[in-house]
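You will see chain A twice below: alongside chain B first, and alongside chain C after that.
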Partner chain A sequence: MLLEQLAGNLFQGLVLGAVYGMATMGLSLIFGVLRIVNVGHGAFIMVGAFVTLWLFTALGISPLVAVPVAFVVGLGLGFIFYYTAIKKLIKAPELASLLATFSIGILLEEVIKLIFGSEFRGYNWALPKIDLGVTVLPLSKLYACIGSIIIALILYLWFNKTRAGTAMRSVVEDTEGAKVCGVNVDRVYANSFAIGIGLTLASGVLLTMFIPVGINPYMGGSYTLKAFVIAVLGGLTSPYGAFFGGLVFGLIENGSYTLFALIPGVEPFALTRFLSFLMLLVILLIRPTGILKGK
Partner chain B sequence: MKKAGTLFKITTLFTFLGLFVFSSGAHAASKIVIGHPACLSGKYAKAGEQAVGGIKACVNWVNKVYGGVSLGGKKIPLVYKYYDCESKKEAVTSLIARLISSDRVNVVFAPYSSGLTLRGAPVAESRKMLYMDHGGANNKIFRQGFRYVVQTIGPATRYHEGTLDMIKKIDPSAKKVALAYEDSEFAKMVMFGAEVHAKKLGLNVVFKRTYPKGVTDLTPLLSAMKAARPDFVLGGGHFEDGQLFSRQMADLDIDVKALSLIAAATLPAFYEALGSLAEGVMGPSHWEYGVKYSEAEAKKVGLPWIGPSQDEFVALFKKAVGKNIIPDYHAAEAGAQVLAYVLAVEKSNSLNSDKVRVALGDLKFMSFYGGWDVDDTGMQVGHSMVDVQWQAAKRVIVWPEEAQTGKLCYPMPTFKEKAKGKLAVP
Partner chain C sequence: MLQVSELESGYGPMQVLWKPSIRVRKGTITSLLGPNGVGKSTFLMTVFGSVTPWSGKIIYEGEEVTHLPTHIKVDKGLTLVPEGKHLFGGMTVYENLMMGAYLKRAQQYREESLELVYSLFPRLKERGKQLAGSLSGGEQQMVTVARALMSKPKMIMLDEPSQGLAPLLVQHVFETIQKMKAQVGLTILLVEQNADASLAATDYVYVMHEGRIKAEGTPEDIKSSDEIREAYLGL
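Entry: the complex of A and B
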């Protein structure tokens, strides 16, 4: 029975971890290229969740269609915020960009609250479930997992097989060198920020496919916290590392629950959180470049 | 020397006169001000909006129908002064101080939730200000030795007593109960009360765990609960985790005979978010539209009646919030608190917190909200809860039998049946 539970939780953790990983890739991409920590990351996830909610409840559009829609909305928001705020702060002290992204996050929360109110909402996308023996998996969760893997693969191919992707990598490696070689660094910055935000909004859609309730303007906070742990785990500058970090985080978060439950008198959830932050500390101390060494 | 003696006498005379006037408070008042740090945004915004609507509805009733509060031979109007505390503890304390010092309110109504109520209590207590609690159910509030805290909402330990009694009566073979609650003061107190009562009824608690506030995935906990094979489940904490709880039980196909969730299941937004998955889910409630409390019922049990009838309250509430929505228990308990305060002021013929507090201690009455009576600590003991169940997209009162608006659907439909469109109709 215990092994069955552990296997079920690990499987659920893997599926959720893929979505967590996807939800962190935008954060890592922006930090990797622009060296800006997007403290308002969770607010962009929240916007993605609201895009899904609105498309599904008001227009009856499937969350699968909401993924590219949210990505495009994210691109638009990314360009707007880049040219109005972020561009001026790239060379400014880190605190300025931290405060700017924090403010953007609050602005988004309040705008969404103004439009949709502060209630906790949800939607019911009734899809069949797959009984795996050790656990039950709704198809919506499976779609979210597969969607995350596909987006991660597309990003990988884009980075490695296109000129724009190569330009982006060159800026990450050496900004001055890239300039000398004729790369338009400012455009790369703008594109990276926009794509990072687009990915984050798309991950908001995927997260609601996994958990289609609790959608409200302030839902982003807990995801920001998790994204930072995952980003450090995967290497703060590496979007792929972030994806693998998400998988590891999901596995540890879900798997450890079953094991901690064996300790008498202990509430397992309290220890899984403790473990997450212990993990963050240990990785920062012994391998600050993350599990993929920043690749 | 003679001059100094005269001055002393005059000063003493004015001091006593001043003390008399301020201590009675009955003769100088042209208005009675209720202060309230309300949760109009943040995580308790939903309950906060309801509470403000309920208070406004009853303040309107007192001023326009009742004619004001009888004090010192005059009818004095009520004024409601509130600020948004954003559901934040630090805002609660500063707003209470502001309401007392700057706005010079006569009574403070606590914000929603046990945590926020508890946070504000010492501030009101230190200023000897009456602090009325309509949204903090945790029994611990009344174990701190506060003198000025008086409760309208019922204590947390009694939330699930009715649910357990009902299941025991309907299905004596259902012995295995699972308890899974949010790790908050309020929810843990509910769980404690439920566990004690379950054991008293001879039930077997096969699973008992908490989950943290702000949790985004309950899969590991629910998987473990599924393995314990409970007959029925009692759980929840607040609205957001209640939604998640039901949704993920459905995801994992955890079918039980009954599921009762505190705070979440009684709100319309619960069904809006979950749709048919909410069918059959129950929740304890302090009040529900359809309860049968009336002037005649009050007469029958020998209690004085005050306030609007249930339908009058609903109409006043709709006008107050400007929306065509039915109030929930957050609105009703906040509204009933206004009525309790009015009765106590009239009974003591004073606005002095100490005198009103004594009057509240002696007060027993019935309103649209039901019975009202507090013990020596200020904790509510006169109000009974009801259990509601979602049946065909409507909330039906299923317990206690004397308040029923419909029969319980038991066992509730399985998630597979719900997916095929089966409704929880008995």
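Entry: the complex of A and C
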């Protein structure tokens, strides 16, 4: 009985983990290329969620269509914030970019609150559920999971097969080396930031499929924290590392939830959050370069 | 080929270069000598553009390039082999070389450049599929030089290519530099601490001290001046 429940939850964890992973790729891409930690990461996820909500409730557009729309909105926001704020901060001390991305996050939250208000909202995408034996999975979650995997694959191919992707990889490996090869490093910075934000908004769309009534201007905070744990798990600079980090995180979160629920008098959800921070601390202590990366 | 006049630059508030001027003639090997920490690397990086020039003028092939971004300079055939092996450790040797031919202009000559690189460094052909980060120090140095050659340059600035290498390898580095000049027709600006080896290999020498040019001349001039040798080169 318990084993069955655990298996079911682990499966759900894997599905959610793929989306978590995808939701961290943007953070890792931006850190890998620009060496900037986007503390406002979760706010961009939130904007993606609101894009989905608005498209669905106001225009009746499917959340699946919202994925590319959110990506494009994210690209736009990314370029705007890059040229107005980030560009000047790349060579500045870390504190400057931390404060800048932190305030961009607050700015986004307040703008969204002005437009949509601060209550929790949701949308009702009525899709059937599928029975997998160990667990019942709404089709929307399955779509989110498959969507994440497809986006991760596209990013992988783009990184390895295209000229622009290779240029980005070279900057991640060694900025000075990329310069002497003739890579326009400034442009790579701008593109990576915009693509990173685009991916993050797109992940916000997919995450709404796991939170039926959880869309709120301040929902981003917990995703920022989770993304940090996942990014560290995956080695910080590698978007695919982040993807696998997400899978591991989803498994641990859901697996531990089942186990914590066995302890009487304990609120299991709060404990999973505690566990994720414990993980972050332990990983940083033992292997600050990440568990999944070889180096 | 390259004319630098009264270049000033530095990091933050700290000025490193105090108006050094040099001239590099086409098809020659010119070296910039001096002990550690006198601004030689900063000089090359400022000419290349990875350090921003504060004032002064850089003229390359008759055209002012002082404030052009690095990727435009590489496209014009001026490149740098930076100090300390800035290669792509997570990519294979072959991928590193291909990155060297990243620009469209260089891409056209990719096969030709690859052949040239393999003839100069046959070892790299054997190591093609290995990760660059797993190579020995000498082999990594070969990769960075080879990668620069892949960009189809007219002029290469080499920053301490012999640093940290065993004496036998140092000799190989200088032989390769000679070949790059003689067989490929490259113009080379070389920064070195290894004064002995570079004096033997160069056509013209500048001596830098505290961000200023203190002496210049043919290697014979420099060698015959006891004053310069003792004061700046420690020979």
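In this section, the second predicted complex is superposed on the first by the 285 of 295 C-alpha atoms of A that agree within 3 Å, B and C clash if a C-alpha of one lies under 4 Å from a C-alpha of the other, contacts with A are read in each partner's own complex, and residues count from 1 in each chain.
The working rule: a contact is a pair of C-beta atoms (placed from the backbone, for glycine too) under 8 Å apart; a residue touches a chain by one contact, two chains touch by 3 or more.
What you are looking at is a predicted structure, and each value in this text was computed from that prediction instead of being measured.
*Asks:* Check the contacts made with chain A and report whether chain B or chain C touches more of its residues.
*Replies:* B
*Asks:* Per the contact definition in the header, classify A:His41: touching chain B only (first), chain C only (second), both, or neither.
*Replies:* The answer is neither, since A:His41 touches no partner chain.
*Asks:* Touching A:Thr166 in the superposition: chain B (first), chain C (second), both, neither?
*Replies:* In the superposition, A:Thr166 touches chain C alone.
*Asks:* Would you sort A:Glu176 into first (chain B), second (chain C), both or neither based on which partner it touches?
*Replies:* Only chain C is touched by A:Glu176; chain B is not.
*Asks:* After superposition on the shared chain, which partner residues are touched by A:Phe120: those of chain B (first), chain C (second), both, or neither?
*Replies:* In the superposition, A:Phe120 touches chain B alone.
*Asks:* Mind sorting out which residues of chain A both chain B and chain C touch, each in its own complex?
*Replies:* none
*Asks:* Note which residues of chain C are touching chain A in the complex, please.
*Replies:* 48, 50, 69-71, 74-75, 79-82, 86-91, 99-100, 102-103, 106, 144, 147-148, 151
*Asks:* Note which residues of chain A are touching chain B in the complex, please.
*Replies:* 1, 4-5, 8-9, 12, 16, 113, 117-124, 126, 129, 131, 135-136, 138, 141, 210-214, 216, 218, 221-223, 253-254, 257-258, 261, 267-270, 272-273
*Asks:* With touch defined as at the start, can you tell me which chain A residues reach chain C in the complex?
*Replies:* 163, 166-167, 169-170, 173-174, 176-186
*Asks:* In the complex formed with chain A, which residues of chain B make contact?
*Replies:* 41-43, 45-46, 183, 209-212, 214-217, 219-221, 223-224, 227, 239-241, 243-244, 247-248, 251-253, 269, 272-277, 419
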